[in-house]
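Pasting a structure here, questions to come.
As written, the chains take the letters A, B, C and D, and residue 1 is the first residue of each chain.
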Amino acid sequence: MAIIIDNDTTVLVQGITGYQGRFHTEQMLKYGTRVVAGTSPGKGGQEVAGVPVYDTVREAAQRHRPVASILFVPAQLGKEAALEALEAGIKLLVIISEHIPLHDSLEIMSFARARGAMVLGPNTFGVISSGRSKIGIMPNQFFQPGPVGVVSRSGTLGYEIVGAMRAAGLGTSTVVGMGGDRVVGLNFMDILREFEQDPETEAIVLIGEIGGTAEEEAAAFIKEKVSKPVVAYIAGASAPPGKRMGHAGAIIERGRGTYAAKVAALRAAGVKVAELPQEVPSLLKKVLR
Amino acid sequence: MAIIIDNDTTVLVQGITGYQGRFHTEQMLKYGTRVVAGTSPGKGGQEVAGVPVYDTVREAAQRHRPVASILFVPAQLGKEAALEALEAGIKLLVIISEHIPLHDSLEIMSFARARGAMVLGPNTFGVISSGRSKIGIMPNQFFQPGPVGVVSRSGTLGYEIVGAMRAAGLGTSTVVGMGGDRVVGLNFMDILREFEQDPETEAIVLIGEIGGTAEEEAAAFIKEKVSKPVVAYIAGASAPPGKRMGHAGAIIERGRGTYAAKVAALRAAGVKVAELPQEVPSLLKKVLR
Amino acid sequence: MRLYEYMGKDLFRTYGIPVPQGVVATSPAAAELAGMKPPVVLKAQILSGKRGKGGGILFAATPQEIKVAAERLFTAPINGYSVNRVLIEERLDIARELYLAITVNRSLQAPVILASAQGGMDIEEVPAEAILTRPLEVAIGLPSYVAREVASFLALPSDLRPEFAALLQNLYRLFREKDAELVEINPLVITAAGQLVAADAKVIIDDDALFRHPELVRVEEVSEAEAKARQYDLAYVELDGNIGVLANGAGITMATLDTLQYYGGRARNFLDIGGGASVEKVAAALEIIFASRPKALFINIFGGITRCDDVATALVEVKKRHGLPVPVVIRMVGTNEEEGVRILRANGLEAYTRMEEAAQKVVEIAESAA
Amino acid sequence: MRLYEYMGKDLFRTYGIPVPQGVVATSPAAAELAGMKPPVVLKAQILSGKRGKGGGILFAATPQEIKVAAERLFTAPINGYSVNRVLIEERLDIARELYLAITVNRSLQAPVILASAQGGMDIEEVPAEAILTRPLEVAIGLPSYVAREVASFLALPSDLRPEFAALLQNLYRLFREKDAELVEINPLVITAAGQLVAADAKVIIDDDALFRHPELVRVEEVSEAEAKARQYDLAYVELDGNIGVLANGAGITMATLDTLQYYGGRARNFLDIGGGASVEKVAAALEIIFASRPKALFINIFGGITRCDDVATALVEVKKRHGLPVPVVIRMVGTNEEEGVRILRANGLEAYTRMEEAAQKVVEIAESAA
């Protein structure tokens, strides 16, 4: 058992006929994901890589009962696509799309809470249970089974660190993308809670960045509730305040969300903080027996 | 243990300084209800029958942690009062007010579902755990402890039947008002489920009326899930179609919600249906050993 | 409050829902002068279903036929309703007829869309499997994907779907913003030219929400007595029996009517004085009932918030003012019962405590008076 | 997108939020002719905090003083910003200063009201217990009871509360309808005459939602390079170091900057080409970086959706077109790595596989060039 997804998780792809949707559907199928259906308004009846396409999520849901959905839709349509999935009973929403308006994200999260559904993202690379199944856009080749759970706010940096771990012989249990937006669904705490309970995970890597207080909250949670060793890397040590560093969420606002504050909080919670991404594997080796 | 409320249930009164609020606060206190606070905008700092009054539910909730709230507010303000209570964490809402607009009720129910809260009403007389506690407007003197659970869409008819039962020596465990509006919170099924599990309840009286399909749904539920004997009385045998018989909910629309259909469904589910309210006690005596 | 078809169509127009070209005429002469180019359809504006079967919808292919049809509609009542207005509309060239409505589902506590490809007939006669029932989340409303689901069910051609989505979303806006209990388009027509047009409009507004809709014209189809009852906030319905009924609480009033019927009587009315009625209100209620000329009056009070002495006092006052025109049978128990009975006795009136007994008595009196 | 104060106040006016009387002048002469009756306050319209401390807010009690103050504001930059507009407003007779804002709380995933009775100063300096943080339910919005809660916390006099409730509800409407990240009134003034007035306005609109707000004037405070980057959908930030950086992914780009710093270097920019960038986009990115005249360029690609060969091709094309103005250090791993390296080699370029090694190298080069 991995966290959030496993071999049996049935997946819907919203926006399956677009370039991204099509490409990643193929990649997910290759990795072993149970992609059962896709949607694309007006394209109902087509197939993508053998996966049937429907006009509406409701129709796809009634026929194939997907548990999760991954969204490859333009940002302007993100809110409707997310609500459509939630209304149709989807319990895990993976929102790849970037630039979804902030107020749209608030509505998505509000309705997801009302429906008791989990959301990853927006602006996430998704989630991968190494060697079993993935719902996301991460390159297949980096993810080898192993004892380390990884949660990251950013994609490529996550791959970079997972790649460095793999080079050092350290595989991953589940790798989770939290999403780079200001408002995202599951946060570090939610995912740490899962890793703490996951028998396959022996150590946890937390990849954060400047902006917001998610890392500080994670630190408080780790102190109280996490017995497994945690290694962290925080991006943005050199970032000036007030500038949005790529991710909508990566901004030091009014003196909050700084690198220093996050590292201090994590260290105080007993987390080993790497100064460079490449230090993560060696720190991991120290904490893993 | 009674259903829905017990001795410990802490109660807030919204609209406590009005005539109705004040009168029924006194009556509830007399009956033993733990009324811990009241609200009335602009009247914060006052007291009603020794109960402290606040401007907002949030303030009252923070200080007194009520679990339930009873609403005595004008219909036009009902929606805001209900949302205020739900937002502040109230888990049982008893809406006495009548004439709350239909779309306002829909919003209340939608938000109550999102918050996992129970709603009785609108247009209910409330709920009473005989001899222990009441949240409602029913006259105190009729309710004596006993083995019969009662659920009713209407108030006075409920009192009439409970009064007839008492005259016949039959007391009540809990008496629940479902509310006379078209859209109400808890329905017969929800309440039957509770009675079925309540060790203090040996038989159930269901008092319905024309309009809607709540009685038919109750009948289906009884057939499947209720082992305790059920006696019913349905008002409106003589009502013509298309006329609203007092209650907003009591109307035969497009041939649906008729007396005949309800009685047939209940009888098919093994329920004894009384032809006159006064027959209820004798039917009860037959089913109670 | 149910709106006349032409009022519903005015609302439709405001909300961007396409309706046929048309004018309202208030007399046959006005119909002739309305300037509608035949072929047209003339529709009696009455609040009754099955207007077509009742002869309330007529077609006219020439100006002469318009005149004849208008005269016919204005002359005789349709389904028992007299006609004050006739809607004259262009005759549509119909390719398909759909059914589309939004209403509230009690069990789901939610708005629902009802849609069927079998429009133009009574929806009651359409088999359930031919009707789509799509509940809506009030927190979300009606996003375009819901419209896509409905369009899919109706198998609409893809070029009509954007238009249909806009129509359905506008209909929902109307439903919400105007506090409707029901908005129904039956039939929703697809014309031979491929246009969507609402050929009929049934809109019912929630009476409890009228206070926030001063912009809506009030449709009053109530008697003088009903208007007076509304003024006193009494729930009153005229019926066709001969026993006047005054009771407190909707459920018990219904049960009172049922009990009378059980013993062979028929109520003249449903009148619920509600909880905690004042002396003045009860007196008004009595006057409304007496004005309907029943053969007897049955007062059934189960005192709770309503106090027996208040009801007794009101009855005695009316008696002193005008006398009691018909025999009165009183059943009275509950709050301040003794005081109430004392007041009645002091004025030569008696009260029962058992409802069946009192009901049997009043049926007997009414029978003998009839 | 942060709005100028005067633009925020225009929005406030549209939403019925009271603001001081005022006019915007674009020159000292215009300020003189604006016809504002002293006493007034003149406020430099710049997107900087702490304007007061920076000399950007001046008072004038006579027409002569208006002239002098306007000249001063237009002459010298304030906090490093040159002033193109000055807002001249009536001077308020202040009884109390409050703080009021609506923004988004990331942890709660919800809008929050922030309110304090200690207005007029930087909210960062107000102790937490003097600030009310009231989360809002988006499904519900801001009903009057929320306004009552806030008014209660601020201990507003009861006669001001209806006015305050309206103001707060209007502020929330603006926040939602205009897709704001922040609406802030600091100070919200209670005048000696007992009126509520928004003495300042800070409004930040969500850039991701600008597409649905054609009605909002675009405030552009970006360099030419930033404007060009935006056009190519590149995330670009100018910094003050001397090593140009091009990487893919926001997190890895930040980490690249941090790694350079770790080894004693400083980046000239943050530039994230995003996922799956085309040759054309990468070429544009390179041109933007070269135009900023760095001493060296660091390309750090961890290929995933982005293909190494595409980046290599773009670099080679730019090289062929203009030559490479500064030394380039490349780290390249991942998708199509081998093909990318082959293209580079064929054009006399080498690539590292380890990020630290490459970072150390480029820092070294930049140092020696400086």
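Basically, a contact is a pair of C-beta atoms (placed from the backbone, for glycine too) under 8 Å apart; a residue touches a chain by one contact, two chains touch by 3 or more.
Only a predicted model underlies this, so the values are computations on that prediction, with no experimental measurement involved.
Graph distance from subunit A to subunit C, where chains that touch are one step apart, equals 1. Ranked by how far their CA centres sit from the centre of subunit C, the chains are topped by D. Centroid to centroid, with C-alpha atoms defining each point, subunit A and subunit D lie 27 Å apart. Centre-to-centre separation of subunit C and subunit D, using mean CA positions: 58 Å. Contact with two or more other chains is made by residues 137, 139 of subunit D. Contact of a single residue of subunit B with at least two other chains is seen at positions 110-111, 113-114. If each chain is drawn as a node and touching chains are joined, the picture fits none of the line, ring, star or complete shapes. Every pair of chains in contact is given here: A-B, A-C, A-D, B-C, B-D. Of all residues in subunit D, those touching subunit B in their complex are 137, 139-140, 143-145, 148-149, 152, 158. Remark: subunit D residues 104, 106-107, 109-111, 123-124, 137-139, 176, 179, 181, 206, 208-209, 211-212, 235, 237, 239, 247-255, 257-262, 266-267, 270, 272, 275, 302-305, 333-335, 354-356 touch subunit A in the complex.
Interface residues of subunit B facing subunit A in the complex, by the touch rule stated above, are 113-114. On the subunit A side of its complex with subunit C, the touching residues are 41-42, 44, 55-59, 80-81, 83-84, 87, 110-111, 114. Those residues of subunit B that touch subunit C in the shared complex are 20, 75-76, 99-107, 109-111, 113-114, 137-139, 152-160, 163, 180, 182-183, 185, 187, 207, 209-210, 212-214, 217, 233, 235-240, 243-250, 254-255, 275-278.
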